[in-house]
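Chain IDs A, B, C and D follow the sequence of writing; residue 1 opens each chain.
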Amino acid sequence: MTAAPRASRLRPSGLAQAAAFVAVLVVLPIAFPAQWLVNLFIFTAMFAGAAMAWNLIGGSAGYPALGNGAFFGVGAYAMAILTTHLGVGGGYLVFAWAIPIAIGTAIVFAPIARLLLRTRAAVFAVLTITLLFIGQTLAYNLVSLTQGSLGMTLPSPSFPAARYDQPFYYAMAGLLALTMLFCWGVRNSKLGLALNAVRDDEDRARGLGVQTEMVKLFAYCSSAGLTAAFGAIWAYYISFVFPGFAFDPILSLSVILFAFLGGVGSLSGPLVGALLIVPVQQYLAFRFGASHLYLIAYAGVFLLVIYLLPNGIVPSCRQYLTRLRRLRSGPTAPDASLLVSNVTAGKSQ
Amino acid sequence: MHLFVQSIIIGVLIGGVYALLASGMTMMFGVTRIINFAQAMFAIVCAYLSYSLFTHFGLDPFLSVAILMPMMFLFGYGVYTLLLRRLGKAGPAMALMVLFALGIGAQGVTDLVYGTNTITITPSYANDSWVVFGFQIPVIRFFAFVMAVAVLGAFHLIRQHSKLGRALRATSQNPAAASLLGVDVQKMSAIATGLGFAAAGAAGPIYGLIFPFTGNSQYDLLSKLLTVMILGGLVSMPGVIIAAVFLGVVESVIAATISPDWSSFSFLVALFIVLMVRPQGIFGGHRMQGALW
Amino acid sequence: MSALLSVQVASKSFGGIRALDGCSFDVQEGSVTGLIGPNGSGKTTAFNVITGYERADSGRVVLRGRPVTRPDPCRMYRLGLARTFQQSRILPGLTALENIVVARSQPWYRLFAQRAPAGETQRAFELLAEFNLVDYANRPAGVLSYGQRKLLEFAAVLMDQPSLVLLDEPTAGINPVMKEAMEAHVRSRNEKGVTFLIVEHEMQFVMRLCDQIVVLDRGRPIACDTPEAVQDDPRVLDAYLGD
Amino acid sequence: MAAARGSRSPWGQNPFGKGVTAMRRSHTALLRVFSGAAGLLAAFGSLLLAGPVGASTSSKPPLVVGISMSLSGDFSPLAAPQLNGYRLWAQTVNAHGGILGRQVVLKIADDASNPTQAVSNYQNFISGDHVDLVFGPFSSLLTIPTAPIAKRYGYAFIEPSGGSPTIFNEHLNNVFFTQPAPILSSGNEFASYILSLPPKERPKTAAYPTVDDPFTSPIVAEIQQRLQAAGIKTVYSKTYSTETVDLSPVVAAIVAAKPDLIVSGTGGADAVAEVNGFIQSKFNPKYLFFTGGPDDPSFKNQVGASNVNGIFSTGDWFYQDKTAGNAAFVKAYVAKYGGTPATIDSAAAEAYAAGQVVQLVAQRTGKVDNATIIKALHRGTWPTVEGNLSWNAAGSPNGEDIIVQWVKQQLVPVYPPAVAVTSPILKPPWGG
């Protein structure tokens, strides 16, 4: 194999992919203007974006963050408080608030993240779960700010009914594109390399002069901020926040499952996972009810994924393609089979 | 003051049940490095089984422990041998998810069999209590505590004073060295898993006696157990027991004297702070290395 | 020659065991120094203390005459002090190329630069070529064999042009051909002025390569001399035999 | 309470559980995520096999009603009776020839107790499937985010279980809550009852524990405010979070305060836990009121039949009510779903009433379009199993709730006197 330096610059094909991605995002609600479809696109974009945001800390850095729903809740409540207490009126301007909310969340969260990131693995996982409960408890109990268990209603904008969902869609899609761009940027920068080094062997990375503390902090805070932005738009769309809904473990876990299904750590994995599951699940829940058998079915499917597709869809496909290509070009590398077991196994000591 | 002492009594008595469950998880974690995310659900399953044994055969829930513990041991042994050991390298992280899935599947089964309504086990002595120096001691909670202590004591004896216990401890300290010394590490892991599950078999019926429960109760219980485990330092049995009793007392005292609204919250914050200062937990020496997946 | 690194009365205990017990020794600039001793004599602990992976209970590490306060792996590396591990610790999910690029220390704002900038890629390729690993440049390092991992780890720590490299058992478990390669690499680097501190069990390797040898026993140096002198030292023999 | 099973704890049978809930919602999450994958196959199968639900026999097009229900997730145990009520109504009305000759077809979608899915469901119903009508989902928490969608498309939102003040504060003119009173009313009634007692029998001290829940704490606060103003001393007033599993510290604190009256904001199992706690503590308050729980069919078994007497609760519906069509409803319900009249959950009646309202509009106006329904319901009174309903401009009903009490091991209406079957009794000792 002749080794050409790997070009990590923006290749033409990458540019084309990005353009196609944006084009699809823009055209989607024009091609399928039915409100219920746009509604479906909104939530799909939201979950996909949140999953990608989770991937920054959970995938790239390999830190098992189980409480990203907390940031979603913070974003949702920030939006609710801004629109009701400060009277930031309805309309299009409200969407813009998602950005300051994202940045604010990231900054406010930074000191907490710094403390959290001193722990690892299971301890980190459990602490991030408590983050969610702490957020929820605060939302229940800081009644003067959040109206506690009554929840808060946000002012509904006066968009025309026939096109009501479009602005929300474009806000979500724009945020998704932004998240994609951000993740792509991180991935193709030294930051991404440093994060992957942390994932593989954090102590070793430190011993190689990698600023592990700084890159972890950056990844977690940006993950938090982006998630909060999605929460903010969600709150505006749903027009009602309630502690149990806004601080939602569903979100925390869904994003992880999307990432796992699609492929943890890969750029498009979480996106693929969300694109596959969200529409199907929303549609099925709508079309066919549910029964307790689903719990059992769920456990079954989950176990099947773990035992049969442990690396996720995107890496598995990629491996399959690589192997196919190798086979075509003849049996060159004796260690081709080794590739399978080692690519995603974070640590091999 | 009376209320303060009363709430401490309540807290200590309930802390015993958490201690029993959490020490099962610790036992399993020590050897396998797997956190049993299904411990709470398996305890609930045992509560259901005990409920059935009580309603259909009149078997006292405390006695049903004698059936459930061996049963759960075999179940745990089987789960490790058939499912967990096959995970290989990605082991502990994936095992955690496998167990969580098992827990959810188990809830699917109990929802199907028992429905989703709250179950209360009400033996004749359900609402009896003693008054000692003016303090209420509910009979059920007292016996639950005694039972928890007895089972914990048995675990301790097994661990410290038997050949099996020595092999278990060796494996948990250094699996590679243990296997060089002829210890069958996989078998020890399966046994540890079995013992961990057996703790759920013992604690489930008494949990069901004390609290009304449904399949959904597993999540609250699980979050408590995780907190206790982390605070106790994951591998330290005494640490986990103390943490469990501490959790029971703190929650109870705050709920009774300050505000029930903030009791869990204050505990979480305390956990948070403790771990900031000592990431390995108050009592533990085990610091998790590397990423979880 | 002046001492590039000196360890001064460092002590470190684990539970009741004193892994380092008032340990002091120097590593001369430009030398290849061997650190030997029976199993459990504290060699790896010494490495860990020097590179900041473990905090010494007492004592200090002096680099170029300046004591290092609060040694930390990241700081020590940036001060020009790099190490490898007994069980080589490469980053298995990164490509071989990235394993080397990542070891280039940089100011924080460079984190926003490209993942593998052309200049660094170029340099990494040179290193890979030197260590005969070019074929694996774009493949995950996890696929490398045990010996290749050792080479890659060695290559990686050279990326930042360190002044002192600590090698922990560089030849353990690798085949003789690779052993020779390893020896050649050490020599060539040493000629370019890199100082080495090597923990090694294989005595012939040590004797051939080292200018000076420090013998540890029970956490403290019992001899510090040329290979020939150490070989004849009865205390050293005692330490090994009495073990 | 009969009152609002709908307005009971949103957390399902186990009212404890924010942590619970939080985590428990997680299973729902996992469930939802993977039910997608799991159901794919089944879905394709059913797409091929399933015909339209309940194919119409008449020549007129069916009247399709879209309803999002919490078939899974936190609310599912509590939502089940509401769905039963809807289904029973559809069956009954179809047996009598449908509405204006159109057979009623219910389209039920699962929202997994989650607002995101509930919003999607109503979007799908209205803009995708173009259903004729929509009825409300379970609980205020899902009604609040979904009502504006119906409003946007000009649909009437007849909803049986969203009685929280938040909904009426939105001033949506398409919302109609099919219970006789908004939830705050039940507090008012109980306070009135206590204040109607002769001074000698009136409690001197009162304790007010409540779960932190939008449907209980406002009721308790309302009662506390009125009783305090009347000079009844508050000796305990605390909120516990929905995640509280162990209520014994709360009970210990109440017992230590020795109140004459306990007004407890509860959802179900926490009422059982409190009663058992009082029995264990050998503490017998003179008056014991729970906002929810004592009306639960399993309450008697769980606290022991000999312990129920004298316990108060509140309700919006009662199986002995002489309201419009109630006898037939009770009979049909027991025939269809089994059990006894006493075990019928009021949520079923509330849902049934939603259907009755539509039926009445059709009868009176000869039309069933949404504009007509909205216009018609803002005037006049509408006799249903829930009583004679009428609404203000924001959809809040104008009636009042009923206070019920366990008397001779039966739960009966005791206040206000107009609807009382018997007069309230003094609480006997436990076991008496």
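Just so we're on the same page, contacts are C-beta pairs under 8 Å (C-beta built on N, C-alpha and C of every residue); 3 or more make two chains touch, one makes a residue touch a chain.
Only a predicted model underlies this, so the values are computations on that prediction, with no experimental measurement involved.
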| item | value |
| --- | --- |
| Given chain C and chain D, the chains that contact each of them | A |
| Dominant chain pairing [most C-beta pairs in contact] | A-D |
| Distance-maximising chain from chain B - centres being C-alpha averages | C |
| Centre distance in Å when chain B and chain D are each reduced to the mean of their C-alpha atoms | 36 |
| Distance between the centres, which are taken as Cα means, of chain C and chain B, whole angstrom | 45 |
| Distance from the mean Cα position of chain B to that of chain A, given in whole angstrom | 33 |
| Chain B: positions in contact with at least two other chains | 104, 107, 116, 223, 261, 264-265 |
| Numbers and ranges of chain D residues touching at least 2 other chains | 19, 21-23, 26-27, 30-31, 212, 241 |
| Sequence positions of chain A contacting 2 or more other chains | 133, 137, 140-141, 199, 201, 203, 292, 294-295, 297-298, 300, 302, 341, 345-349 |
| Inter-chain touch pairs (all) | A-B, A-C, A-D, B-D |
| Contact set on chain A toward chain B in their complex | 61-64, 115, 118-127, 129-130, 133-134, 137, 140-141, 198-199, 201-203, 264, 292-300, 302-303, 306-307, 310, 341, 345-349 |
| Interfacial residue positions of chain B with respect to chain D in the complex | 2-3, 6-7, 10-11, 14, 104, 107, 115-118, 120, 122, 126-129, 131, 136, 138, 210-214, 216-223, 251-253, 255-257, 259-261, 263-265 |
| Of chain A, residues touching chain D in the complex | 34-37, 39-40, 43, 132-133, 136-137, 140-141, 148-151, 153, 156, 161, 164-165, 234, 237-240, 242-245, 247-254, 257-258, 277-278, 280-282, 284-292, 294-295, 297-298, 300-302 |
| Residues on chain C engaged by chain A in the complex (per definition of touch) | 51, 53, 72-74, 76-78, 82-83, 85, 87, 89-95, 97-98, 101-106, 108, 110-116, 118, 121-122, 125, 128, 134-135, 137-140, 142-143, 145, 156-157, 160 |
| For the chain D and chain B complex, residues of the former touching the latter | 12-14, 16-17, 19-24, 26-27, 30-31, 74, 76-77, 209, 212, 238-241, 243-246, 248-250, 252-253, 255-256, 268-269, 272-273, 276, 279-282, 298, 301-302, 304 |
